[in-house]
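You will see two complexes here that share chain A, one where it goes with chain B and one where it goes with chain C.
Right, the complex of A and B next:
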C-alpha cells in the first residue's frame, strides 16, 4: 500500500530548482553575446586583411584581450547549449544521441581552450 | 519505447509555411551554422599562435573569394540569430505574444538581417575599397 502522499513521493525525485539551469545559462550567454558579438563583428571588420603585426598589436591591448576571452567563453558555452537542444530534438537513437552530445561538449571545450590559449599566447608575447 | 504509430506534429508535408515557422526553423539552422563557424573562428584565432606566416595564410584563405563568400553567409547567420535571439528574449519576459506582433517582429528580423548583411558588405567589402 502506498503510504506516501503524492507530494512526498515527488519530492527529491525531479529536477526541482535545477531544471532551469540549461534554460538560464542559454539566456545568460545570449544576453552576454548581444554586446560581445557586435564587438566581434566590428573587430573582424577592422582586422580584415590585417597582417600579423597589426593583429598582434590589436590583441595585445588589454581591453581587446579581455573582451576576446569573454566572447569566446560565452560563444562556446552558448553554442554547445544550443547544439544540445537540437541533438536532443532530432536524434532519436540513444547511442547516436549520447555520442553526439559527448562529442559536442568535448569539441566545445577543446575549441574554447584553443581560442583562449592562442589569444593569450599572442597577446603576452613580446 | 512503444510502437511509434502516434501522430506527429506538425505534419511538415501539409503544413503551410508561415513567417513564424520559417523564422523559427531558421533560428535553429543559423544557430547550427554558427556553431560550425566557431570552428572556423578557432582556426583563424589559433593560426596566429603559430606565428606570422600561419596567421597571414589564414587571413589570405578568409580573404579569398570563397572565404569571403563563407564569411558573408556567417554574417547573415549571425545577424539573423542575433535579432531573433533578442525577439526570443522579449518572449522570455512575457512580451510580444500577440499573433500580430509575433508576425510583425518576425518580418522585422528577416528584413533587418538581410539589410544589415548587405550594408555590412557594401561598406566593408574589400573589392569596393572598404576595410
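Right, the complex of A and C next:
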C-alpha cells in the first residue's frame, strides 16, 4: 500500500540535473548526420560493385577516412541516444528496462568499434 | 515490460438509452461515459436524446439538462460556465476540451462525452487529478525573490510583461496534460505540458529571481525531456494557448546555459 503524499511522489527522487546534455547531443548528431549520410550514400553508390583495390584506394584517402570515422561515430551515438529514449518511453518494468538500456549501449559500442577498426585496418594496410 | 492487455474496466458496455420526449423535432443523441465506484460494475455508455430546441447552446448546457431533467446521478465537475475555472474538461467528440465553451453545433452527429483520457476515474466524468495538481505544486508556482519588496509593486516593463502572454491565461483544466502520449506512458515522472507551461510562466517572469533553480529542477530526462514535440497539447488547448512552445522555451533556456 502506498501512503506517500502526492507531492512526495511528484518530486520523486529529484531532478538528475543532466537532461539537456542528452537532448543537445541528439540534435547535434542529427544535424551532423544530414551531410554525412548524403556523403555515405553517394559514396556507396559510386563504389557499388568495385573490387577490393578500389575500396582500399578510396578509404586510404585521408578525407574519406576521416568522414567515414565521423559518420560511424555520429551514427552509432545518435542511434543509441534515440533507442534509449524509445526504451524509456515504452518499457516500464525496471529489470527489462535496465537490461535493454545496457544492451543498447553495448551493441552500439561494439558496432561502432567494429566499423572504426575495419576502416582503419583497410586504410592503414599496405 | 510493455502491457499488451487492457486493465479491468477499460471497455465500456452499452448502457441505458433515454429517449427524447415525444414531439421533439430537433433531437441530438449524447453518449456519456458512466462509472459508479459503489457498484464497481463495468463502465457503460448511456445515451441521452435531447431536444436541442429546449437546451442551451453548449455541451455543458446539455450535461446540466441531463442532470436536472433525466438522470440526477450523472456526476461531473463544473463551476463558472464561461471558460475561466477549468472544471468541466472532458473528452468531447474525441478531443479534450471544456464543455462550457464547446458549442453543440460544432459537433457533427452524436455527441460523445468521456472523462479526460488515461486518468483514474472517480465517478462518471470526474477523474482523479491529484497527480497533476501535485506536479503543479512541485514546480513552486509563486514568485521567489531575494531582493526585498519595494514600497510598491515590483515593476516590470511592457516588454517583460508581454513575455507572460499566452501563459497567464492557462486555467489548469489539464486538457493538454491528459492529451499527451508521453504523459500517458510516463506521467509519474514527466511533468506534462500544463505543468511545464506553468513552470515557464515563472521562468520567463522578469521579477522572479530563482530562474536558475527552476531550470535545475527541470533539467531531467523525464521531468522535461519526455516531451517529444507531439503537439497534442497545443492542438487541444481550449484557450488556444501553446504549451508546446512554452516547453520549447524551457529547452532553449537550458541550452543557453550549456
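Everything below uses one rule, namely that the second predicted complex is superposed on the first by the 109 of 126 C-alpha atoms of A that agree within 3 Å, B and C clash if a C-alpha of one lies under 4 Å from a C-alpha of the other, contacts with A are read in each partner's own complex, and residues count from 1 in each chain.
Definition applied: contacts are C-beta pairs under 8 Å (C-beta built on N, C-alpha and C of every residue); 3 or more make two chains touch, one makes a residue touch a chain.
Quantities reported herein were computed from a predicted structural model and do not represent experimental measurements.
In the superposed three-chain model, the partner touching more residues of chain A is B, compared with the other of chain B and chain C.
In the superposition on chain A, A:46 makes contact with chain B only, not with chain C. Look at A:34: by the touch rule set out above, it reaches chain B but stays clear of chain C. Of the two partner chains placed by superposition, A:101 touches none, neither chain B nor chain C.
When both complexes are overlaid on chain A, the residue A:65 reaches neither chain B nor chain C. When the shared chain is aligned, chain B comes close enough to touch A:115, but chain C does not. Of all the residues in chain A, the ones that touch chain B in their complex are 27, 30-31, 33-34, 37-38, 41, 45-46, 48-53, 55-56, 59, 72, 75-76, 79-80, 82-83, 86, 107-108, 111, 114-115, 117-119, 121-122. Residues 5-7, 9-12, 15-24, 85, 88-93, 96 of chain A are the ones that touch chain C when the two sit in their complex. Chain B makes touch with chain A in their complex at residues 28, 31-32, 34-35, 38-39, 41-42, 45-46, 48-49, 51-52, 55-56, 59, 63, 75, 78, 82, 85-86, 88-89, 92, 120, 124, 126, 131. Every residue of chain C that touches chain A in the complex is listed here, in rising order: 1-3, 130-131, 133-135, 137-138, 182, 185-186, 188-189, 216-226, 228, 251, 254-255, 258.
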